[in-house]
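Chain IDs A, B and C follow the sequence of writing; residue 1 opens each chain.
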Amino acid sequence: MEILRVENLTKEYSSNGITVRALFDINLKFEQGEFTVIAGPSGSGKTTLLNIIGSLDKPTFGKVYFLGEDLSQKNKSELSDLRLNKIGFIFQAYNLIPVLTNLENVEFPLMLLGMSAKDRKERAMRIMEELDIAELANKRPNSVSGGQQQRVAVARAIVHSPILVLADEPTANLDSKSASSLLDLMEKMNTEKNITFIFSSHDKNVIDRAKRLILLKDGMVVQDENK
Amino acid sequence: MAWRGLWRNKRRTIITISAVAFATFLTLISKAMNDGTYLTNIKYAVDSYTGYIQINQKGYIDNPTLKKSFYPSEKLKSVIKSIPYLKSYTRRVVGDGLIAHKSNTFGVMILGIDPVYEKTVSKISNKIKEGNFINNYTKNDIVVGAKLLEKLEAKLGDSIVILVSCYDGSMGDMKLRIGGIMKSGQVETDAGIIYMHVEKAQDLFALDGRISSIVISLNDFDKISIAKYYLEKNLGNELEVSDWTKIMPELKQTMDMDSVNSLIFLGILIVIVGFGILNTILMSVTERFREFGVILALGARNIKLIWVVIFETIGISFIGLLIGLVLGAALNYYVYFNPIAITGIMADMYADLGFIPAIYTTVSFDIYTYTISYILIVCFLAMVYPVYKISRLEPLKGIRFT
Amino acid sequence: MFIAKLAWRNIWRNKRRSLIVILSIVVGVSASLLNDSYGVGIMNQMVDNLIKSHDSNVQIHKSGFRDNKKVNDVIPNFNRISSILAKLKEINGYSERVICFGLISSAANSSGVSIVGLKPELEKNVTDIHKKIIAGRYLSTGRNEIVLSKKVAEKLEVEIGDKLVAVASDINGNVSSQMFRVVGIYRSGISEYDNIYVYIPLADAQEMLNLGNNIHEIAVSIEGYRKSSELKAKILSEFNKNDIVTDIYEVSTFQEIMPLMMAFLDVYHQWSYIIYLIIGIAVLFGVVNTMLMTVMERINEFGVIMSIGIRRGKLVRMIIYESLFMGLIGTIIGFTVGLLIYYPMSVNGVDMSQFSESMASFGLPNQIYPELNMNVVINTLLIIPLVTMIAGIFPAIKAIRLQPSEAVRFV
């Protein structure tokens, strides 16, 4: 089932009269259950593409269709709701709110969804147990390792059962062992829960594990193959 | 380096500067308005009635009685004539009495004035509404306030009787004519004071040539103390010299009280702003702890960094101060030439207290010194804690600072 | 509430910074409390002083007497009014008075005064001059006694036991005089009143002025000056009930007798709001600045939260909660500190004796007692938190204006 479609996507930035083109005429389709990486050198536009797909940013030209709906027709509140219900994000760093415990961080989306305190604690703990980080529940994010933090980030990204998880360079700050372990985790979520994962990365480990590779160069798709 | 440090975070610096400017502006205009309005009113009172300096028998000001009247000797006159900055002088007789017309009797204060010289010393003669002021042609005429006229149920030209207790203790009375009506705006004056020719008053009170006071006007308000000093040196022991602070102590005290109140209030304001400055400087310093740590590691001494902080604080304070001063000065100048008039019932209130119903400012130097010192003191105090922090900084501590 | 909990924890991310802001609020709030309570104290004392020294809450005269105190304008049928008043339980008392202008002379000097003839046993329920005697005693049932102020006594150079002559114009227009002996000297603390009011027995005043049994004024006292209007209404309704024609009388409240004083109080009241405003603005600068700093520091974090899908309104609320909480903490502490300073002052008073002449010219005693009323409490507790809430708005709007992608990238 197609969940995401991008048509003629172009993103341009202007500063001081100079226009930079981050993305040019991108056309892509994504199906449910994909485990896809968008790769490319720095500055190729990976992060920009990911942000636009995830409704964090708007294209200069072109359209994005999520579950058949045109994102440009939605206002800010509708986009927020969309993200809250259907999408999860994992960033390279600073994913978690430092003043909340790991558990509270995982509970956050559930809290926004209006779940009762009891229910969301249950659900959050369950996910954390699945991801093997239950014992970190009452600790603060900066008292655990980078790898563990990213696991908590994953927990938060999937606790509300989104259709799509977007991860921007999730392994960039991790040593290879932690990176590997994180990828195992995400693969597991992908297979068991049918959550679509789209990464942007230039980490070889990630690229190797991905089932589909989209290569970007200078803002354009140069390669798009399933492995 | 300090300059760049300030502008790292433009908005923060601008807000802090605004806060300083706000406090400065308020301090400046409130002091200017306070001083200006009081000064104008004092001058007004001094010009209108009390005179710059008065010479009386010793003890008169504390207890004004007829008994304490005196003879103006020739020696006295020559001393007075050589007062520095002298503009003019006149003699007055002051006493209490009853005024009666038809069956209406009221207590009044009787002011005997010299028709020629009084005009040079006070503005009483300007307040005549109808009829004539005291003059040498109609010595039997008196001037009463409009309110008193009403209470007496009299009109211009009517005769009235004055009853007094004389210098020697006996009762004296006189029949006089209402020659003029005055309106001063002050209820007490208009209802309770009457004016008559000084010589007639001397007859009435059986003073035999004595007077109650000599009222002196000077050319320059600021030279009162000089003139006073001169007089004190050259007058005998039986006479005393008083300026407005002694004649109207309530006014002086009210002014002082107001000053103290302002001082306290503005102080609190500046302290609150001071906290803001403290926070800003602290933030800008801690943000750069890493940078500072590197600089220290490279071998610079802490004192150099302290100077950076000091300059930054001075920077913020001075810019804010300047803006506040400029804005404040602009307002002051405007109000100086266009005093803010007070209207409505407030105006009546002011007039009744003898104040001019308007707000004035002053453009003297003092207000600036006052403001600047006040603001700067707090700004410098705000510097203390951040400077302390920097003096304790070690290179590694800074670099590792998260 | 989760968001509130998050806001609370956010405040303490930078303890020192938050504490400095809170400290500035503490200063602002306690200063407001003290300033306002001092002002209220002054206003109340001023009015009380005037009422208790002479004017009382309500005065009843023949119509027209208030403006033009003519000797022949005596109160018609005052006995009827007195008997009605005697039955009113809510009043403290009433006093029958004769008022005229006169001259009193001693061997040394003379002075124009307002002579008040009264019955001490009635007057004691209405004014408190009898408590302000500083030498000698108040009037008794004796005759030819006079009580005057220290100022006038000094002017006339008289002491207890000395004789004075009072001269006034009687009801027929003839000059009448009578001799009195000084039995008491008072100090009311109000310059104006000290300068003019002297007190003699009612009977002597009536005799001197040939008034027979008549009086000019009935002063009525009730607790609390705001009740003056109620009292007037009550008196008028009693008149109606007893078929007394009301237009020949004038029943005046304290406010009507002293319109300028009421105007002064009004102005003072308005002025106190301006003080709150100025303090509020000063505090506002500091809070806005700090909030902007904390918000800018967390742009990245806000970006993450927005990516999770928070609605903008919630984010705004969180930021406003932060500034509000600081405001509340500061207000509570500031209020407590203010109270702690207030209590000894309200008991012992603030000594203003170095300004005594000025105080007296305003009708104030040398000791001012600050007073707290509901108004002050509400203003102090409400205004600053309101200010801090407003302070949070601008930074909050700045935060949500960003596109989440920009925020997230902002490291």
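Everything below uses one rule, namely that contacts are C-beta pairs under 8 Å (C-beta built on N, C-alpha and C of every residue); 3 or more make two chains touch, one makes a residue touch a chain.
Worth saying up front: this structure is predicted, and the values here are computed from it rather than measured.
Chain contacts in this assembly form an open path, with each chain touching only its neighbours along a single line.
The interface with the largest number of contacting C-beta pairs joins chains B-C. Taking each chain's centre as the mean of its C-alpha atoms, chain A lies 67 Å from chain C.
In this assembly, the C-alpha centroid of chain A lies 73 Å from the C-alpha centroid of chain B. With centres taken as mean Cα positions, chain C sits 25 Å from chain B. Chain B has no residue in contact with two or more other chains. Contact residues on chain C toward chain A in their complex (touch as defined above): 2, 6, 9-10, 12-13, 300-301, 303-312, 314, 403-405, 408-409, 411. Residues of chain C that touch chain B in their complex: 16-17, 20-21, 23-24, 27-28, 31, 35, 68-72, 100-103, 105, 107-114, 154-157, 167-169, 171-173, 175, 191, 196, 259-260, 263-264, 267, 275, 278-279, 281-283, 285-286, 288-290, 292-293, 296, 352, 354-362.
Chain contact summary for the complex, chain B toward chain C: residues 9, 11-12, 15-16, 18-19, 22-23, 26, 62-67, 95-98, 100, 102-109, 150-151, 163-165, 169, 171, 192, 249-254, 256-257, 265, 268-269, 271-273, 275-276, 278-280, 282-283, 345-346, 348-349, 352.
Within the complex formed with chain C, the residues of chain A that make contact are 47-48, 51-52, 54, 56-58, 76-77, 80-85, 87, 89, 91, 93-100, 107-109, 111-112, 156.
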